[in-house]
Every structure is written in C-alpha cells, then in structure tokens.
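Chain lettering (A, B, C, D, E, F, G and H) follows the sequence in which the chains are written, and residue indices restart at 1 in each chain.
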Amino acid sequence: MVKVGIIMGSDSDLPIMQEAADILNQFQIEYEIRIVSAHRTPHHMVNYASTAIERGLKVIIAGAGGAAHLPGMVASITTLPVIGVPVKSSNSVDGWDSILSILQMPNGVPVATVALNAAKNAGILAASILAIEDPRLSQELSLYKKQMEANVLEKDKKMNQ
Amino acid sequence: MVKVGIIMGSDSDLPIMQEAADILNQFQIEYEIRIVSAHRTPHHMVNYASTAIERGLKVIIAGAGGAAHLPGMVASITTLPVIGVPVKSSNSVDGWDSILSILQMPNGVPVATVALNAAKNAGILAASILAIEDPRLSQELSLYKKQMEANVLEKDKKMNQ
Amino acid sequence: MVKVGIIMGSDSDLPIMQEAADILNQFQIEYEIRIVSAHRTPHHMVNYASTAIERGLKVIIAGAGGAAHLPGMVASITTLPVIGVPVKSSNSVDGWDSILSILQMPNGVPVATVALNAAKNAGILAASILAIEDPRLSQELSLYKKQMEANVLEKDKKMNQ
Amino acid sequence: MVKVGIIMGSDSDLPIMQEAADILNQFQIEYEIRIVSAHRTPHHMVNYASTAIERGLKVIIAGAGGAAHLPGMVASITTLPVIGVPVKSSNSVDGWDSILSILQMPNGVPVATVALNAAKNAGILAASILAIEDPRLSQELSLYKKQMEANVLEKDKKMNQ
Amino acid sequence: MVKVGIIMGSDSDLPIMQEAADILNQFQIEYEIRIVSAHRTPHHMVNYASTAIERGLKVIIAGAGGAAHLPGMVASITTLPVIGVPVKSSNSVDGWDSILSILQMPNGVPVATVALNAAKNAGILAASILAIEDPRLSQELSLYKKQMEANVLEKDKKMNQ
Amino acid sequence: MVKVGIIMGSDSDLPIMQEAADILNQFQIEYEIRIVSAHRTPHHMVNYASTAIERGLKVIIAGAGGAAHLPGMVASITTLPVIGVPVKSSNSVDGWDSILSILQMPNGVPVATVALNAAKNAGILAASILAIEDPRLSQELSLYKKQMEANVLEKDKKMNQ
Amino acid sequence: MVKVGIIMGSDSDLPIMQEAADILNQFQIEYEIRIVSAHRTPHHMVNYASTAIERGLKVIIAGAGGAAHLPGMVASITTLPVIGVPVKSSNSVDGWDSILSILQMPNGVPVATVALNAAKNAGILAASILAIEDPRLSQELSLYKKQMEANVLEKDKKMNQ
Amino acid sequence: MVKVGIIMGSDSDLPIMQEAADILNQFQIEYEIRIVSAHRTPHHMVNYASTAIERGLKVIIAGAGGAAHLPGMVASITTLPVIGVPVKSSNSVDGWDSILSILQMPNGVPVATVALNAAKNAGILAASILAIEDPRLSQELSLYKKQMEANVLEKDKKMNQ
C-alpha cells in the first residue's frame, strides 16, 4: 500500500525528486510520484492534500523551487507530516527563495524542511518517520547507517595507507 | 461598490496593511479589508479568490510575512491583478523570506510585488491600475504626484535659504 | 492601438524582455518594444515617460539589471502602472542588485515588480490589468489559466500511470 | 512514557524551546526537556543520542543557535527522526548561521528543519509524526487545525463588519 | 563660491547627510545643501544636474536610501564626479538595497560610492578631489590625516600604560 | 606626465583592470599600470602610496578581490582620491567579500568604490575627477556621454521600426 | 613576558576585545592590549607587526569592524599566527563586512578567524596555540573544557528533575 | 613524527584539501591525511579527536562543506588548535553554509577558520603555529613570505616596463 506521496510542482523538478523515490525503493517503502502544482493546479493541490489521509498516505514529500508554496500549502490542509525539498530551479535566486519560502512557515503549520535539492534526505527522513512503528524499517535504517559508516571507514583506511 | 480587496494573513499585519486602506480612502476608492490566511484558512482563501471577480473586485492587495504564500496562492486562483506586500513580521528573517516568497512566482502566475512593508504603495498601485479607465482617478493621481513634488520643492526652498 | 510599452535599458536585455512581447502577442495585445536607458538616455527616458499617457499607453513594462533605475524613474514621471522586470545581467551581483533597486521604491512611487528575469509574467500581469475593463481579455486569461492547469494535470496523469 | 526528547545546547535557549514543550503538553504527549550541548558536552550528546531508542524516545527536537551542530550530530547517531530548531541566539549573524548549519545536512543524515525560533512548530511536527499510528492524536491535530481556522474566520468576521 | 552640492532625496536623510556638510565646513569648502528627489521631483532633479556645471559646482554628493536612484540619475546627466552615500533609511532592507542600487551602476556612468551612512567620508572624498589642484586643501587633508593618526597614537599610549 | 596609477594585487586581475587603462587611453590621460599587493608586498604598497603625490599622481585606481585591502590601505596612506574596483576573483564569495571590504571603510578614510568588476567606470570616474580643472577633458567627457546617448537612440530607432 | 598582543583599530572595540584579555588572564598568559589602526595609523601598524617577533610575541589577536583590514595587514607583515576577531561595529552591515574582510584572505596570508564578536574564543585559541609546547597550559585548557562540561551537565541535571 | 592531522568529511573534498598537504610537504612538516566524517562516522570522529594529543598531533586541519560540523565537533573534543576549511561543495548554498557553520562557534570552543576553499592557507597557518617554538620553521616561513614578495615585485617590474 502506498505510504508516501512524492509531489512536485513541475516535471522539471523530476531529476531532483527522483532521488527520494530511489531511496524509498531501496527501503521497500511504497510510494507514488505525482505532479501537483500549488500555482497552476490549486484545486488539484487542495484535493490531493485533503484526501491524502483517507487514501492511506502517511507522509508527503513535496519539492518546489522559487516562490515554493507547495509544501506549505499542502501542510495547511493535511495533518500528515509534510517534508519540503527546496529545489534550486533555473529561475531561483541561488536557491534562497526556495529555502526561505518552504522553511519559514508560520506557527501552527510546520514543514519539515531538508537541504537544498536534498530529495534523497527527504526519502530517508520519511523512512525514519515510518520506522517509528515499524521494526523492520528501523533495522533497515540502522543497517543503512552502518553501511555508510563502513564505506567511509574503508575509504579512510585506503587513504591512510 | 467595493473594487479593491485588501487581505492579510493575520491581524498582526493590520498596522502595516491599514496604510493601503488609508490611501484608497484618500482616492475615494471603495475597498474591503479582510483576514484571509493561506495557511490557517486555506478553504476560505480558495473561496475568497474564486469569488472575487463575481463579487465585483477589480484588484486584490495581499500582505503576508515569513513564508508568505497568500499573494501567490490568490494569484493562482483568480485572474485579477494581485498586488503583494511583503511584511517584515516578527518571525521573519529580516524580511528576506517575505520578499522572496512573494516575488519569485513561477511563469504563468505573476504577483505585482511592492517594497517591504509598502502597503501605501500597494494602494497607489491599485489606484493607478483602476485609473486606466477612470479619468477622475487618473487626474487624482496626477494631482497626488504634483502635490508630492510641491512638498519636496517647498522643503528644498526652505533648506536652500 | 499600442497599449503596452515594453522598454529596456540595453539591447542585451532583449532575449529576456522578448518573452513579454511574445505573451502579449498571444493575448492579442498591441505593444511597442523600445530601448530607453535611464542612465545613458535620461532625456529620452523622461520624454518617453512624460508622453506615455497622451500616446495612449495603458501599462509600461520596464526591464533593467544591476543598479536598475529605469522602472522606478519611469514610475516617478508617469501615473501609469509600471511593471518592473529585474534582469540578471552579466554585471549583476547574482540578481540581488536588480531586484532590490527595482522593488524597494519609496512611498508614493510604486513599481509592480515581478520575479528575476520573469518578463513573461510581466506580460501576463499587464494583460490582467488590461482585462479589468476588457471582457474578451478576461476570458482569455481564464482560458490561459485553465490550459496551464490542464497541461499539468495531463503530465500528472502520465506520471501516475 | 516519554516519547519526545526536547534538547538544547544552552539554557539560554529555554525561552524559545519551552514553546515546544507547551504544545506537546497541549497534545498530551509526554516529553523530557534536557540540556545537551554538542560542543561543551560531546560525550553526553553521543550518549544521549545513542540511547534514545532504547529509552523509548520516538522523536527528538533539538534547538541550537550560531554554528548549530546539535541537531545534525544527534541525527548522525540515532535513526530516530530529528527535528531541528534554528535559534536566533545573541551571537548569531541574524539567524543565517543557525538556519544553514541545521538545514544543509549532507546526503544520508537528514534533519527536519523548522523556521527560525519556531519551537512551537517543532512540537506540532513531532505530534503529526506520532499521529501516524495514533488515531487520538490524529484527531487532536485535526481539531487543532479547525480551531486555528475558526479563530481566523472569527477575526475576519469582526473585521468585515 | 559654492563648489560642492550636497543633495538628498528627503529631509529625513538630513541627520546623516549633515555630516558631509560639517566636514566641508571644517575644510572651508563652500557647499550648498538641497533636497532633490529622483522619484518625487524628477524634473527638479534633471534641472539640478543639468545646470550643476554652469552654476560652478565641481563635485556632487548625493545621499539616498532604499531603491536609491538619486546618485546614479544625477551621474547620468552631469559629467561632474558624483559621490553616492547609501543611507540606511527606515524602509531599507538592512541597507543592502541602498548600497546595491547606488554602487552597481552600468558601464559609462560611475558613481563614487562610500560606505553605508558614511556622509562624512563623502565630504572627505570631495575634499580630496578638490585638493588635486588646490595646495591649501591638499595640506589641510594631510594635517587631518596626521591629526587622526596622532589621536589614535595618544589613545594607544594611554592604553599601553 | 603620468596622472593616474592603476594598481592591482595580482596579475590575475589584469583582464579586468585593463579596461581602466583602455578608457584612460581613449581620454588621452597618461597612466601607469602596476602590481602592488597589500598582502604580499606590504612595504611596496606603503612605498607606492607614500610617494604617489611627489611622483605627480593625481588619482589612484586600485582593484582587488576577496578580502580586498589594497584600495583601503592605499587610501590610509595617501591623501589622493582612491578609486576602488571590487574584483570577483576566483576565490571570492560571489563578489560580496570584494565589495564589502573595499566599500565599508571607516570614517576618515574614504574609498570611491565602483561596481563589481567595473574597472571601466573607475577609469571614467578618474577622468571626471581630472576634468574638474581641465576643460579639454570636461568636453571629452561630455562628448563621450553624448556618443553613448546617440548609440542607444540609434538602437532604439532600429528596434522601433 | 608578554606573549600575546591584543590589538584593535579603535577604543570603541574595547568592550568586545576585553574578553580576550580576561580569558588570557584566567589562563595566566601575559598579554598587552593596544590600539593599532590599519587605516588611521598605517605606519604604527607596520611597525607593530614588523617588531612583534623580536619583542617576544608569539600570537597576535586583532579585532576590527566594517572593512576590517587590521588582522590581514598584520598577517601580511609578520609570520606569527594572527587571530582575527570580526567586530559588529556600529557602522557595519550586520557584521557581514567585518567577517568577510577578515576571513577571505588570499593564498599565502592566512588569518585564523573566529566568530563575530568572539574575542573570548580568540583568547582560548591563542591559549591552545601556546599550549602546544606548554604542558601547564595544555592541562589548564583540559580543565577548562572539563569545567564547561561539568557546568552543562549540572544544568541538565537540574532541568531533568 | 606526524604533527598535523588533515581530515575531511568526504573524499570528494580531497582536491581542495590536498593543497594543505602540499604546503606542509613544502615546509617539511609531517602530516597524515584522513577521512573522518562527523555525520557518517561520528564514533570514528570522536575517537580521532580524543586520541589526537596522545598520538602526538599538534594541530588539526579539518575541511568540510554544507552543514560543516567536522571542525567544530573535533574542537569540542580536543584541546589542540583546530583549523577549519570551509569547502564550497556541490550541495552548498554558494559556500555560505560551509563558512557560517564552521566560523560561528559558541564561546569556549573556537575554530580557526580560513577562507572558502583555502586549504593552502590552512597549511600555512598550521606551519606558523608550529613555528612558534621551531626556529627552522620560523625562518622557512620568513623565506616563503620573502619569496612571495619577490615574485610580485618581479611581476610588477615586468608590467612597469
């Protein structure tokens, strides 16, 4: 059953947002990947956010660039945790607009913001949220962390020689 | 008949946004002043924007601070010109978040952004838009400009003595 | 009859500003496209702005980069609505100078600023302003919005499969 | 049973971080509030993060200012979701250092960052994460959202009169 | 005979710009101090700049804040050296708008920009320009520099004891 | 006789700084072009600045990037007007370091700062300073301005057809 | 014997720089505290830096604000390690100028930069440098670290009750 | 005997950090170069920092990008001087995150920060620290400075001809 909704405002964001999907695949978490634009399909966006819980979603990952309203607007409608990915799109002012318009949400409506273009981390964060009540996933995350550690230690070993 | 809708996300923005109302009063333009929050009342916001034209509005002035989504979201729903006022609210990062999240709208959905806290200029811009087909208003704006000029020239005269 | 004046400080801004012209063409709005530099042709600029109303212009779109004074100076002379397009020119400090020197106009002299390089949005904003008293144009804008929406929904459909 | 650990680098951050505790109280979520400094008590920090899961914590909220390493370092050790609160401390460069050193985590180690000083939103985000498998909490969040909405609608009603 | 014109866009800039006048007084350089607004009195500004040379001015000091167009516009009209003083006015975005809109002039039209609020330095720079062909003034500047040096050395002496 | 000293901290700045030399050539102003590093040749720098007046220099143009101390340090030693050119060197943080470390000089020691990489404008500013007492140069500058204007008007004419 | 020279450009920086002296006192490291301005006493600065080694200094701590050239210029003359303290002085652009003009030194001439206004940390860094060959000092630093840790642990204990 | 530890969070930082190694080679200072990630190998990092003194290290150079916690975390554990190199990594926001998260350390835990990507300067700074009690190294640094000076003077000579 689909647990994570990955949405983005434009298919031009797909190369970035695909990384969220890839890592969810790796953790065997079912997801859907959709184009939902706050600015060009506001009613679709309202509908998507309003029905997210009843459709069984547990977490939403929303990526957007420039005046990036998608994550915040979705968070204004659903009570699910929303993870925001600021995308450094071509019309962005060096990514600052994407970061600030996702991060600086007013009291009452949080967005869990990750680093610029960090869709992979959005996927890992979604996994860590779902892992709270899922021992398999919790263990997978633990292994992932150990693997990362082992890779760096291996590289360090080589460099140290 | 009400021609301009002045909206803001929170009544804490009223001291700033009142300046838009004051200048519209001065130009004898009817307006309404409302609290419409993109993040706390998204359905109210969609409704407000969707019915704006049929209710006779010609221009919408929207003020917001922080991750300021109100102007852009209203512009995503209505085809009326939307003037955005970035408000330097208490939780803003020096106003940069307010400016960038209003200004940096994607192609297809413009917001006519004015300076930080410049609700007065939003009112004047609304007047200049309405003046296109309103000779009385056009003349008023012309007089307003001349009065500003005269005031500065008067001050210069005094200083020059 | 020409209703919109598109002006820019240098022909190096033409690739950006042409997008304003293209969208006005699409909406069948007559425009002129001119080179008017605040810094290199100040008298031409004063003359252009002073005669804009009598020449029948309704809206002026002004693009400029760096210390971008053209939109603000034109707005200081005419009472027409002036839309400013901050251009990220080659000598710009990442576009911040263009944005701030167009946006941060003092009380009394607003410029309707759009996003960095967003000449297309300037054209749409001009159309939405002209549409206030033009039912055909209002309907065209409505169709444009619906078409944008349909395009995104179509892309979402494909991605969802 | 304590489900949320609220930690901060210094008791000078308490006035901000208390807001996270208050909102968790409101949602009847048990929490602990602790001082854990990445820079002054690194071993305590490692220990706190390493034992978080076995102690039953589900989510960690970490607030810090300046070169704010606490959220990211805790996230490097535990697989629990870590929510970072950038604090605009007295020695901060307008909050930019706090924001960037929490948000910009490398691939593999996400921190769910909220707005500057937004400890209240950190609490709400923690609640929304815990609500995924907790129908009571999910309903509480839904009521909270409705109450926020009702409050704004009430204020709008008054202003509209 | 008046050699330096000190101009500012608004009398609210006077407390800052007075420091330019004070230092010119100290160097016995005649000046005038005037209010000339690019945005509110564009024709006055054009006239002031156009007649500056024939009126005997040698240097113009122009202070402005926000979207600060006065120094650049005056420089676009006269061939006199124009010294720009970015003023951190109340509506400025921390002074960045004032700095960038004065400094970032395009090729062909320089403005000699000094530090934020540094009207005193504008006065000293004007003196150093006039001193090129004025041995008395050159000597005065030399004495001024020595006096500054002596003051610091004196303070160092005291601290060293 | 050499009237303008063009100095730079490194020969890597030459492609930028050459533009100052070119424009001085065009105005028939004699100059020298030298490498003087505040950080790598501090004694050479002190010597260059100390002897500038006796060697007949009237204006110094100093270009530097990163922590750009050359213009300010030369200005601390000589009473000649010093024009600073912030260079966006390879190790610069987008040019901000170059701009701020040249512009933000303390009271008593001004540097006439021009735009990022604007060595050409530094040359024109030097010419405008020297023109104060040089009618030929003043006329040349006037012609230069008119030529710039004519070029833009010509381009506007073509575009208008 | 004096081992550390604490210098600052102006006595207005003393309240900040005194913290460096206080911590050196605490570690029983002899220091001198002097006013040495790169811009107002360049020859004094050159002299101070040139004679630092022969006078027995081991480390120099230099604080400055705005276009802060003192640390970098001293580092250009002496081979001693120079610690730079960016001071957020009254004329600074939010401290950014102080930070960038101290930090961004070119290859060959490093300055060990600490945080904005962090004179205390400059003192601790000086101590850690001197401790390399001084077992007493190394032990003192170790105790200092442990005391910091103990203080935080104590506070955590109280809060945890 | 190895005196300097050069560490970095990822081997992608090696091209930058190699410059620190190269300059230490040139000064005949023994070093090790290691991969130690604060975020992916926190226990390795704690271990590395904890044993640095007993292993004979005198100075640690740590390079990192983005939310760069490595230098500060190492400094929180060891009392050795830690030199931080902000790396402009691919996921960095123009280097600002790297700079601020290394530089802005809280009171008690300094990091000696050098310029963006300035690993070479980190090496020179390490040498200058070690030179305090090492006359050979002190002389080497003096020669290095003179050689730099000679190189610039030579280039100036050529340009002057």
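Heads up, the rule we're going with is that a residue touches a chain if its C-beta (ideal position, glycine included) is under 8 Å from a C-beta of that chain, and two chains touch if they have at least 3 such contacts.
Keep in mind the model is a prediction, meaning the values are calculated, not measured.
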Chain F against chain E, contact positions shared by both copies (same if over half, else different): same
Centre distance in Å when chain E and chain G are each reduced to the mean of their C-alpha atoms: 35
Separation of chain E from chain H, taking each centre as the mean of its C-alpha atoms, in whole Å: 43
Overlap residues in chain A, where contacts from two or more other chains coincide: 10, 40, 43, 66-67, 91, 93-94, 96, 99, 103-109, 111, 115-116, 118, 148
Pairs of chains in contact (touch as defined earlier), listed by label: A-B, A-C, A-D, A-H, B-C, B-D, B-E, C-E, C-F, D-G, D-H, E-F, E-G, F-G, F-H, G-H
In the complex with chain E, residue positions of chain G that touch it: 10-11, 32-37, 40-41, 43-44, 66-67, 91, 93-94
Residues of chain C defined as touching chain E within the complex: 9-10, 38-40, 42-43, 46, 65-69, 72-73, 75-77, 91-93, 96-97, 100-109, 111
Chain G contact footprint on chain E (complex, rising order): 94-96, 99, 115-118, 148-149, 151-153, 155-156, 159-160
Residue ranges of chain H touching chain G (in the complex, touch as defined): 53, 58-59, 79-81, 83, 99, 103-116, 118, 120-122, 124-125, 128-133, 138, 141-142, 144-145, 148
